[in-house]
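Structures for review follow.
First chain A sits with chain B, and in the next complex the same chain sits with chain C.
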Partner chain A sequence: MHAADDPTEKFAQSIGRELRSPVELSPDLDDRIMKEVRRRARRSRMRPLFLWGGLAAAALMAIAVGMTTRSARLTVPPMERVAFGLEAPAATRVTLVGDFNNWDPDATPLVRSEHGRWETVVPLEPGRYQFTFVVDGSRWVRDPRLPAAVGEDFGEPTSVITIIPVSRL
Partner chain B sequence: MKPVALLLLLSLAPPALLAQDPRLVGRLDSATARVVTAVIDSSRELGLPTEPLVQKALEGASKSATGDRIIAAVRILALNLGTARTALGRESSEQELVAGVAALRAGATPGAIRGLRQARASRGVAVPLAVLADLVALGVQVDAAYQSVLDLARTEADDAAFARLKQQYAGQRQP
Partner chain C sequence: MNDGDALLVTRVLGGDENAYGVLMARYRDRFARYAFRLLGDQGDAEDVLQETFIRGYRFLSQCESPEKFGAWLFRILVNRCHSAYSGRGRKEENLGSSTVADTRPARGYGNDEAWREEIERALEYLPLEQREAFLLKYVEDLSYEEMEELTGMGISALKMRVKRACERLRELLGEVYDARS
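Up next is the complex of A and B:
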């Protein structure tokens, strides 16, 4: 077979002609390329701007929340250290339950001191609280030194204590 | 509150605000917790303090009360808080409302509570109301207790004076 009739040779010659033909470039090609380069550069410069702007906004928000929390904290009344105690010489365990510890029998155990007296100190905000003692996990005993709760809802003995800030006494 | 404002408030409220108080979980059965939570949510929408309601439910749970009894106690307390707020005014503090409920339960009328507020307009009434309730608990007749507290309130007495009034009665009571 003659080379001119070989299909593979014809394909190779057509590619060669295409590659040898002059390429006509658009006259504004340079301008368009440089515009695109500059546009991308601007975008890349703005990303940090947005980033820093977002961080600054978040920081301002955090400061504002912190200031709100701080001012709220400053308006909280001062806590008073309130001593609770019960004479229970035969008891093996005494705990305190009330409006100040979610009535959790395990939250505030009392410590046995001399002569069978059980004691603890609880920091409380000024206010009025209902409470009682739980002796040996099952017996409810109210503080006999303090007024009993009026209109007891659940039938167990409960005392009431009113905390007045020391500064007002 | 207008429905649109309430809707907006609820849509902006964090989910925790509308959810069940975590302290109730595990302390109340689910049916009781659901009703108690509804009462608490309603009270919150009315601007009433909710912490006393949570504590009342927990008190009932701690004392092994039945669900029905806990629900009844929480509902009654919510009503009492509303009555106290009506008598004392919308700007009343939580401490004043709690003390107002104690005074109501001791037998004071809403009118008497309002009278105490008017007599002590420039100062809080949390301590006078608490002392009123305490005097009744110490055995003083409610009318006599109220008159003693009211007389003191009219003299612009400070909280310490009310504390001393209670100590006087407590001292008389002791043998």
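Up next is the complex of A and C:
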């Protein structure tokens, strides 16, 4: 039977058409989103200013104390290699999702090691990140060793990790 | 592919955040429809939509193919819908096995709006993965290959989910559908 003549297919197509009707949204939703986008844009424009301002101040200070400007160092956050791991002996696939990989379930697969432990190492800038593990493609399991994320845009199964530069430890 | 999207993405990355407003206007209705049909709640759908567009802006430099911006952002939306669903404790799983006819409104289904509401209610009886597969196939009109790329699930598993979703919807809505046809 051709798909177009299949009653189940015709039924599904008909339901699909009904569900294509537009949905109503709050009238201020666009404004709320764009306000946040502009806030982030302003913040990212200011960041280089702080950086150059800091460099200029450091250079002036170096001159003032009779040092060469070569000794004025620009501080850039170093990437830290962060190890993630999960005990999941029965799992066939474990991946890592979080703020650092846009919650893409395919971006960061873990490798199975001995005794059913899954591991990976991710280079991250110092900062605070939310993340969780995706087990067998669908089950979200948070890292029980770290604090659970609360009150942000996720529910229970995510953890929070704060990366501090090794140089500051 | 949409060349217009690529140009707008370049403008946004160059510091023109108003160009992002144009991109948002292109996709908001379609994305809102998907989120609302999947989550069944306007507040949740708006939250997910807001998170999606803000994350899209924040990670725009990671969009490797700007001409496929829409597909890239849709993937973020699908992931955010999963997060929202997980976060609210899977309350849908407790709906049980009653049929939509149990709650049939007195005004009947002759009215298109009432019929659509019944379809939306029936959707809520499907497990998330079946609902998602049905919406991607019959509302978003994606091919199984596109669905595979988007969800990371194999084509045979997706076909099974769509089949089960159709069967369940037919079970819930078939009587009324037949009467309307």
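We take it that the second predicted complex is superposed on the first by the 89 of 169 C-alpha atoms of A that agree within 3 Å, B and C clash if a C-alpha of one lies under 4 Å from a C-alpha of the other, contacts with A are read in each partner's own complex, and residues count from 1 in each chain.
The working rule: contacts are C-beta pairs under 8 Å (C-beta built on N, C-alpha and C of every residue); 3 or more make two chains touch, one makes a residue touch a chain.
What you see is a predicted model; the values in this text were computed from it and never measured.
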Note to self: Contact-wise, after the overlay, does A:147 reach chain B, chain C, both or neither (first, second, both, neither)?
What the structure shows: first
Next item on the list: Return the chain, chain B or chain C, that is in touch with more residues of chain A.
Entry: C
Note to self: Quick one: is A:157 in contact with chain B, with chain C, with both, or with neither? Answer first, second, both or neither.
What the structure shows: second
Note to self: On the A-aligned overlay, A:126 touches which partner chain: chain B = first, chain C = second, or both, or neither?
What the structure shows: first
Margin query: For A:138, using the defined touch cut-off, is the partner it touches chain B, chain C, both, or neither? Pick first, second, both or neither.
Written below: second
Note to self: Applying the document's definition of touch, where does A:113 land relative to chain B and chain C: first, second, both, or neither?
What the structure shows: neither
Next item on the list: Once the two structures are superposed, pull the chain A residues common to the chain B and chain C interfaces.
Entry: 97, 102-105, 140, 153-156
Checklist line | Complex contacts: residues of chain C adjacent to chain A | finding: 15, 17, 20-21, 24-25, 28-29, 32-33, 36-37, 42, 45-47, 49-51, 53-55, 57-59, 62, 75-76, 79-80, 83-84, 86-89, 112, 115-116, 119-120, 123, 129, 134-135, 137-139, 141, 152-153, 162, 166-167, 169-170, 173-174, 177
Margin query: Using the touch definition from the top, list the residues of chain A that touch chain B in their complex.
Written below: 97, 99, 102-105, 126-128, 130, 140, 147-151, 153-156, 158, 160, 162, 164-165, 168-169
Notebook entry, point to check: Given the complex with chain A, which residues does chain B contribute to the contact?
Noted result: 23, 52, 54-56, 58-63, 65, 69, 73, 76-77, 94-95, 98-99, 102, 105-106, 126-127, 130-131, 133-134, 136-138, 158-160, 163
Notebook entry, point to check: What residues on chain A touch chain C, complex-wise?
Noted result: 8, 11-16, 18-26, 29-30, 32-34, 36-38, 40-41, 45, 97, 102-106, 137-138, 140, 153-157
